Amino acid sequence: MISFPLAKGVVKMPDYNRLELMVCVGSRMLEDHSTVEVGTGVPMAATMLAQKLYAPSIIAIFEAGGVAPIMPGLPISVGDSRTFHKALMASTMNDVMETCQRGMVDYTFLGGAQIDMYGNLNSTIIGDNYQEPQVRFPGSGGANDLGSLCWKTIVITPMDKRRFVEKVNFITTPGYLSGKGAREKAGLPEGTGPYKVVTNLAVLGYDEQTCRMRIESLHPNVSLEEVKENCGFELLEAPEIRMTPPPTNEELRVLREEVDPEGYIIGRQ
Amino acid sequence: MYENLLSIEGGIEELFVDPDPDKARAAFRKKERGLKNKVTSVKEAVDLLIKDGDYLAVGGFGHVRIPSAIIYEIVRQGKKNLGLAGHTSIYDSDILASAGCMDRCDISYVVGYEIRGLSKSARRAFESKKIRKTDWSNCSLAWRFWAGSAGLSFVPTRVLLGTDTFKHSAAKTITCPFTGKKFAALPALYPDVGIVHVHRADIYGNCQIDGMLVSDSHLARASKRLIITTEKLIHNEEIRSNPSATVIPYWCVDAVVEVPYGSHPANMPGEYWFDDDFFKMFLEMGKTEEGTKKFYDEYIYGVEDFDEYLEKVGGFKKMKKLRAQEKLIESGS
Amino acid sequence: MISFPLAKGVVKMPDYNRLELMVCVGSRMLEDHSTVEVGTGVPMAATMLAQKLYAPSIIAIFEAGGVAPIMPGLPISVGDSRTFHKALMASTMNDVMETCQRGMVDYTFLGGAQIDMYGNLNSTIIGDNYQEPQVRFPGSGGANDLGSLCWKTIVITPMDKRRFVEKVNFITTPGYLSGKGAREKAGLPEGTGPYKVVTNLAVLGYDEQTCRMRIESLHPNVSLEEVKENCGFELLEAPEIRMTPPPTNEELRVLREEVDPEGYIIGRQ
Amino acid sequence: MYENLLSIEGGIEELFVDPDPDKARAAFRKKERGLKNKVTSVKEAVDLLIKDGDYLAVGGFGHVRIPSAIIYEIVRQGKKNLGLAGHTSIYDSDILASAGCMDRCDISYVVGYEIRGLSKSARRAFESKKIRKTDWSNCSLAWRFWAGSAGLSFVPTRVLLGTDTFKHSAAKTITCPFTGKKFAALPALYPDVGIVHVHRADIYGNCQIDGMLVSDSHLARASKRLIITTEKLIHNEEIRSNPSATVIPYWCVDAVVEVPYGSHPANMPGEYWFDDDFFKMFLEMGKTEEGTKKFYDEYIYGVEDFDEYLEKVGGFKKMKKLRAQEKLIESGS
C-alpha cells in the first residue's frame, strides 16, 4: 500500500526544522486564483510563502477585514496593518465573515491545540471544568466561524498524541463533528468541512465515506508507523500513500529570508 | 417543515447583557442629539462614564488600534466587577483581567497574543472562576454587535452550530420560517460602554478610521455610552468635507479625548507599529504574579497619565522608531 | 372650547397658498437639537425652512444615507447629492434605518395620499384589487420603515374627504393601527406612533386614551366646521383649540427665495 | 414566552426569489476568484449576463446614480419576463416596465418620481396585472439584500408589522427565542443579476463610490451575477493605494464597462445634476401610450448606443451644464 521504500531509522536531514517543514508543505496546498481565509500563526507564513512561490494570485483574506494585501512582511496579527498593505479592500470583520457565509471563500487555513479523527478542533480549554479549566486557551477567535463557513478547512499543526486525540476536550471549531452528515444535521452549510491536515510527519486527509482522518502522504524519512505512533486515534490510510517532497532549497531560502526573517514562526521550536 | 420550530436548543452559559430592543431603545432615546463639544480628559471620561459593574466593549483588534489610555485609566481608578466582550481581546482584556477589574467575560479570543503565544497573567485570571465565562466566536460577537446596532434582539447565523462553543455560549437555535433550516440565533449585544480608538475625530465625536474597521462601526452604535480616544482632533469642517469617511457619527459618542500614540503598545495602522520589545517584556513579567504586580506598579499606578507612560516607555525617540517601522522606512542607524 | 373668535366667510388673505401655509406651519413643529428623518416632498421644504429659521441645529437624516447636510438647495430626491452636501456622514440606507430601529431618531416627517383617524397612511393603491388597482401609488418607499421605527411621526398633507378617510384602502405605513396598544401587539417598537398632522386647514394631534385624531389648532380664518367638513371621519377636539399663527413675512420670504425658489414644492398648487 | 413560536403569520403575495442559502452558496462557489480583466461593452454585458426571466436588482436610488446605459440596452435587446427589486426604483423601473420587459416586481417604491410626481407610463404598467407584484418597504428590501450578502435565508426586523404592506408582502412573523417578542422575518434576496453604476472601478471590478452607498454594497454582494458601469476606469494601483475606499470587491463582479455620464438623466453625486428638462419631457411624453412609444423610438431604439444617446440629449454642452449645476458653479451666461 505504501508506494515508496522507507524505513525507520534513516538519518533525517538536519537542514530544516519541523515548523519550516510544515510551512513549506502547507504552502503547496493552496490553489492559485482561489480565496483563502488565513488564520493566525503558521498559516500566515504558509500563505505568504505560497504567494511568493506557487500561488501568486491567491487571494488572502484576513478576518479583521483585509483582502488580498501585498504583505511587506509577516503579519504579527490577522488584524495588523500588514494585512491590508496595498490591499484590494480594507473592510470589516462582518463583511469578511459574511463573504465566507455566502460561499465565496474556498479555503480556510487554521492552527489548533487539539484535533480528533473527524477534524474537530479544540482551542478553548484542557480539563473538564469549563469555568475552571486546567488550561485556558484563547477560544475560537475566528476559527469556529471559518471552519463553519469556508468550503474546505486546512489545518496545520505538529503531530503528537496529546494533540491528535480520540476525543477533544472541547469542540471549539467543527470538523465533521460525529461523522458523515453531522455538519448538515447541525445546520452548518452543505458541502463544507475538513480537507487536509498538514503536520510535521505527514499530510493527512479524510475518507469520503466515513469522514475519518487518513494518511495521504508521508514526509521524507517518516514511516507509517511513526505517524501512527504519534496519533491518539486510529488513522485510516489512503488507497495510495505518497511521499511528501521535501522542502526545496528555494522554499527554505524564501521562507527564511523573505517570509519570516525574524523567526516569529519558524524560530518557535 | 416546521416540526423544529419548538425544539429550540440553547447554550448553557450565562447571558450577561439583556438583548431586549425596547429597553435598549429607551436608553438610546435619552442620548444627546445636539452637536455638543465633548472633548474631555482620559481621567474624566473614565470617572464619569464607566461605573463599577458596567459591561464594556473595546474596539480594535486586541493589539491593534486599542484604546490603551482608557484601559490603563480603568485600572488606575480601580473599577470593579466589569463585564467585557472579549472580542479578539488581547492586551486589553489581559490588562483588565490581570488587574482584577473584571468578573465576567463573553469570550471569543482572550489569553492569546496570536503568534506571540499565550499570556501567563491572562491565563491565571481566566482559569480562575472569579471571571464568569461564556464562549463565542469572533464573528458571533461581531454579529451580536451588529444586532445591537440594528436595534434587534437577535440575528440568525450559521456558525457555532454542533460545537461545544455553542454549548458553552448563550446562543439558541432557530428555524427559518422560509426554508425550515436551522440557524444559530445570537442575542443582540448592547454594551453599557464602548471604547474605541480612532485616527481622527472632531469635538462632537464624528470619527474617521484608516484601514480595517473590524467591528467598530457596529460596536460603537450598539453601545449605550461611547468613549472615543483619537490620535488627532480635527475641525468639523474636515469631517464635512468628506462625509463618506465618517464611520462613527457624533450621536453615538459621549466623550472625545485626544491621545496621540494612544494605542501603544499596539499597532496603529498607518501610524505606528507594535512595540515588540514592550510586549516581550510584558509577557515575560506576566510569568509570575510578582512580575505582573511590578508591571502594574511601574506602568499604570506609577504614572500620572498616558503622557507620562509614553515617556516611560521610550518617549519621542521610541515613537519615532515605531512610526518608521510602520511606514516601512529603513532606519539610518 | 374654541379660544378665539372666527367665523366662516371671513376674507382669507391671498398672500400665501396652501402649500406655503403647510410648509411654514410644519417648519415650526421640529424641536432644535433633535433628529428627524425627512421624507420626500413637502417635508424636505419644511425641514429646510426650520433649519433656516427655528431649528438651526436640527439633525436632518435622509434614508439613502445622508446625515446632517448643509443643503445648498432643495433636494429633488431624498437620495440626491444635496442630502449629503457638507454632511456629517454619507452612509447607507441600512445604517440610517438601523439607527431609527435602535431608537435614535426622534421624528419622522412624511407625506401620504390617504390617512385615517388612527393616523394610518396609504401610499400604495386606490381600489380593492391589489394586483389590478384603480390607481397605483409608489408604495411605502421608506415610509413604512420610518413610521414603524421613529419615535414620533409627523404627517404633512392637505385635507379633504378623499384624503382623510374612515378606512384607508391599504395601510402602507402604520399609524396607531386599530387603536391603543395595537402597535405594540403587532410587534412594533414600544412607545412609537403618530404625533401630529399638519394640513392646510388645521394642525391635528392624537387623543392619548383612544389614539384617535383630534383638532389641536385651526389655521387663520378656518373654522372648526370647515375642518370637520373636509374630513371623512369624526375628528375629536383637544381640550383647548388654539389658532395657528399665520405664516410670517420672514417665513414666506425665506421659503420663496431660499428654500424653493424654483417652486418645486410650493408651486405645485 | 414561546406560545407564539408556532403562530407564524405570513404575507399572501408571491416570493419571487428562493432564499435558500445553500442554493445561493452553490452558485457563489462557481464564481471566478482570479483577477481577470472584465472590461467589456454595454452590449456584450447585457447580451451575455442577462437572460430572459432573470430577476434584476439595480443600484443607486431610482434617479440617482442609476446604470442608465444598461437599462436602455436591456430594452434595446428586447429582454423579456424580467423580475425586478423595485427598491426606490424610479426611472429604472419605469423604463423597464413601460417597455414590457418585466413580468414581476418586488415593490418598495415605483411609479413615483419623488417631488416630480407620478409617472403615467409607469402607472399604466404597474396598474396592469401583467406585472405580478409583491409589496415591501425600502429598507425591508435593503435588509433582504443584506441577508443575501450575509449568506442567510432571513433577517428579523421591526418593520411592516401590522400593515397591509406586510399582508401584501411575502414576509412572515417570527418569535425571538430570547425575548419572546414578535419580529418580521424577511426572506434573503439573491438577485440573478445586479447592476450598479459607480464612480471608479479597475479592470477587475474593484469599485469606489462617492457619497451615499444606499444599499449597493449589499445588493452587489447578494447578486449571483454583477454588472458594473463606471464613470471612469482607474488603474489597480489606485485601488491598492486606498483599500478602505473599495466598497464592492472584484470577486462580486462579472463585467465592467466604462460609461462616462452613464447615469444620465439621473444625478451622479459629485459629477452631474439631474437633467430636469429631460425628466420633464419624459414625464410629459409618458402621459399617452403614443408619447411613450415615441420616447422609446427616439431615445432607445433610435440610437446605436449610449454615446449616441448622449449626443441626442445635448452632448458635451449639456453635460457641461449638468456638471456646473452639480458643482454649484454659477453659469456665466
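So that you can tell them apart, the chains are marked A, B, C and D in the order they are listed, and the count of residues begins at 1 in each.
Note that a contact is a pair of C-beta atoms (placed from the backbone, for glycine too) under 8 Å apart; a residue touches a chain by one contact, two chains touch by 3 or more.
Everything numeric here is computed off the predicted structure, so don't read it as measured data.
J.: Give me the chains shared as neighbours by chain A and chain D.
T.: B
J.: Could you let me know which interface, B-C or A-B, is made of more C-beta pairs in contact?
T.: Between the chain pairs A-B and B-C, A-B carries more contacts.
J.: Using the average of all C-alpha atoms in each chain as its centre, how far is it in Å between chain B and chain D?
T.: 37
J.: Between chain C and chain D, what's the gap in Å when you average each chain's C-alpha atoms?
T.: Taking the average C-alpha coordinate of chain C and of chain D, the gap between them is 28 Å.
J.: Suppose each chain is reduced to the average of its Cα coordinates; what separation in Å results between chain B and chain C?
T.: Those two chain centres are 41 Å apart.
J.: Using the touch rule from the top of the page, what residues of chain D touch 2 or more other chains?
T.: 21-22, 151-152, 157-158, 173, 181, 183, 211, 243-244
J.: Among the residues of chain A, pick out those that touch two or more other chains and give their numbers.
T.: 66, 84, 90-91, 94, 101, 149, 189
J.: Chains as vertices, touching pairs as edges: which of line, ring, star, complete or other describes this one?
T.: Basically it's none of the tidy shapes, so other.
J.: Which residues of chain C touch chain B in their complex?
T.: 32-35, 57, 59, 66-67, 69-70, 84, 86-91, 94, 98-104, 106, 149, 151, 189-191
J.: Which of the residues in chain D end up touching chain A in this complex?
T.: Per the touch definition, chain D meets chain A at residues 21-22, 24-29, 31-35, 148-152, 204, 206, 221-222, 239-241, 243-244, 246, 249-251.
J.: Would you mind writing out the residues of chain B in touch with chain D in their complex?
T.: Interface residues on chain B, with respect to chain D: 2, 5-6, 8, 10, 15, 19-22, 151-158, 172-174, 176-179, 181, 183, 185, 187, 210-212, 243-244.
J.: Over in the complex, which chain B residues touch chain A? Could you list them?
T.: That would be residues 13, 60-64, 86, 88, 107-112, 114-118, 123, 126-129, 132-133, 135-140, 142-143, 146, 157-165, 168, 173, 181-184, 211-215, 217-218, 267, 269-270, 273-274, 326, 328 of chain B.
J.: Please name which positions on chain A make contact with chain B in the complex.
T.: Touching chain B: residues 40-41, 44, 63-66, 72, 76-81, 83-84, 90-94, 97, 101, 120, 124, 130-145, 148-149, 170-174, 177, 182-183, 185-189, 264-265, 268 of chain A.
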